[in-house]
Amino acid sequence: MIERLLNCVREKRPLIHHITNMVTVNDCANITLAIGGLPVMAHAIEEVEEMVAASQALVLNIGTLTREQVDAMIMAGKTANSLKIPVVLDPVGAGATGMRTESAKRILNEVKIAVIKGNSAEIGILSGAGGKIRGVEAEGIHNDIESYKRFAKDNDCIVAVSGATDVITDGSRVAYVDNGHPMMSTITGTGCMLSSVVGCFCGAESDYFDATVAAFASFGLAGELAAAHPEVKGQASFKVAFFDEIYNLTEEKIKAGIKVRFEYF
Amino acid sequence: MIERLLNCVREKRPLIHHITNMVTVNDCANITLAIGGLPVMAHAIEEVEEMVAASQALVLNIGTLTREQVDAMIMAGKTANSLKIPVVLDPVGAGATGMRTESAKRILNEVKIAVIKGNSAEIGILSGAGGKIRGVEAEGIHNDIESYKRFAKDNDCIVAVSGATDVITDGSRVAYVDNGHPMMSTITGTGCMLSSVVGCFCGAESDYFDATVAAFASFGLAGELAAAHPEVKGQASFKVAFFDEIYNLTEEKIKAGIKVRFEYF
Amino acid sequence: MIERLLNCVREKRPLIHHITNMVTVNDCANITLAIGGLPVMAHAIEEVEEMVAASQALVLNIGTLTREQVDAMIMAGKTANSLKIPVVLDPVGAGATGMRTESAKRILNEVKIAVIKGNSAEIGILSGAGGKIRGVEAEGIHNDIESYKRFAKDNDCIVAVSGATDVITDGSRVAYVDNGHPMMSTITGTGCMLSSVVGCFCGAESDYFDATVAAFASFGLAGELAAAHPEVKGQASFKVAFFDEIYNLTEEKIKAGIKVRFEYF
């Protein structure tokens, strides 16, 4: 089923407006192109409303936030809401500083979010379940499914938690994604790139739960396929192979390779 | 003829001051080094005049513009004008938002531009011929040669329009460049990188028409050569091969591979 | 001896807080991961104190400085000082503009620096020995060892000067590192990446002289090993191989490959 969403992305070629961090912005643009979307990055408060109005999804990422940037995110997010354009929030480093936690909460309060995607520490801290973060990385993984479901219900959104096993829930449905490879954590920005890919799928499919599961499974599978390349000798050659595999994904590969379990309540 | 300009770049090693976007800035710096120039990026209003004064060309790119950044561009541009340093303008996303269109026009009004380089939508919108842009990409390509020539004459500059066939004109001469490869559009920032390469050639050769044609042909040819690499398996391995080919370009390869037609009026 | 410091980095996995430029920030994050550290980038004045307090080293790089960013650097630096967290300063382009020279001096005056790392022009200009810079690159290399030693003593810090032969001194000890390869200068940001690696070693070893020597030797050795790869065909494939070699460094490789001479006074 969800493997067909890849073709939706490639046929619709959704425009994904990013307001994102300066560390991984190039990778986010390239992964968007590789999976089949069209990226645009714009953060000036004077233009974000106009830019988001032309897009099919908005990705907000607070990885190198400033106060002005958060203001622009909220302005773009409200425009997206009024136009029924899905908003993906990546609360990078929530919990690492007060500013990050408060900014993520402020965005959640002022903007209707379609998908919030983070690691177990970021989501744990925002949902109240707790967690420990070091820089922008979770220390230890403690998936509290009930807490994720409540967080999803409270915000009427998809909660997507990356980890060795990814957890995605809309409050009643829960999906566990076992795709992925340890090499993915050796490069910076895999989390940011995954948020861009989630944006692409949500820009092409209105069931954001299915869209998010498809994004996570496709992304993790590409990591597995890349790690198996004989020419991968370390971090950087893995990164090249990973982008190539995202670019070369097909419905058939996804069908054969995805490892997803669903629970319904 | 124009193949010799590559050696001019490599001998003079022009310093190219960029005020550019945060998405592709690293690629712009690397392509500048690869073709034989020396990149410097600086955008603080307190230092742009001093930095541009030491450079051989200035590249202005509005890909992630802010009001402050446009102010810095105009200040740097005026200094460049007073010192006869060529200014290359890449009006990324002109037409996508009012801010982009107005900023590009403001720069064109206040700074003497040597080369304006964009896709057919960006140039069409700025020249009055019209066009449709989605994010930062042209939708459909409608080359209106007469409009480009008029735009070039009105601004006393080179107008360079990227596309399957690139069009470059100074208002009387027109060059059509057929070099390039579809893989080039699978990576973000090829347009930005091309502007950097145009900056390098303009920093080494005072006939900016010839310089721009040489830049486009060299750039497209490197794309063709890269796409033929057996190790290219997708977007990212193509990007690696492309930078390698820019780095390994020679006068001989350009002479053998360029596909340029000229028209004189 | 110093080869063992690599394992210290990998065991402690120091968190390295960067306030750095937008050109090479992605490479700095990836090299930090590759050598064994954990990167975090944050520059908002509201959060830098909290972020640096959680880190094991702070890297300040003025490559695309603004006034606000320098203020954030000084604020973060003072917090680092109060917590005995080492601060690495990379005065990119000092001498190229008044703003860069003054900002580097202001940081040196207001923050206790553990290691200042630059090319011979940047260090020469800041130490008073003189030098000539073009953009952000030294023109000609004039190592004035006595001047470096005096500069180190005056600031009670390590002075580390990159070049064909790197020079590192704490004012009494001097180390000369002959590792490295000319291909390293064909990619942008090697200097910035080296500062990140110095940050990683200083975050894991409290003798900052040894830490800096180990960082330089390891970095240069990875460049040599990468340049020997048969698949390296140019700038970009070298960069991939270089990151892979940093990732694959071992105590044994460093022991076998480092070229360091020490002088004691």
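Observations on the structure shown:
When the chains are written out, they are named A, B and C in that same order, and each has its own residue count from 1.
The rule is simple: contacts are C-beta pairs under 8 Å (C-beta built on N, C-alpha and C of every residue); 3 or more make two chains touch, one makes a residue touch a chain.
Keep in mind the model is a prediction, meaning the values are calculated, not measured.
Residue numbering at the chain A/chain C interface overlaps only partly, since under half of the positions present are found in both copies. Between chain A and chain B, the superposing rotation on Cα atoms measures out at 120°, rounded to the nearest 5.
Computed centre separation for the pair chain A/chain C is 33 angstrom, with centres defined by C-alpha atoms.
Residues of chain B in contact with two or more other chains: 22, 26, 231, 239-240. Touching chain C in their complex are the following residues of chain B: 15, 17, 22, 25-26, 29-30, 32-34, 38-44, 46-47, 50-51, 54-55, 231, 239-248. The part of chain B that touches chain A in the complex is made up of residues 21-24, 26-27, 63-67, 93, 96-100, 134-137, 186-189, 231, 233-237, 239-240.
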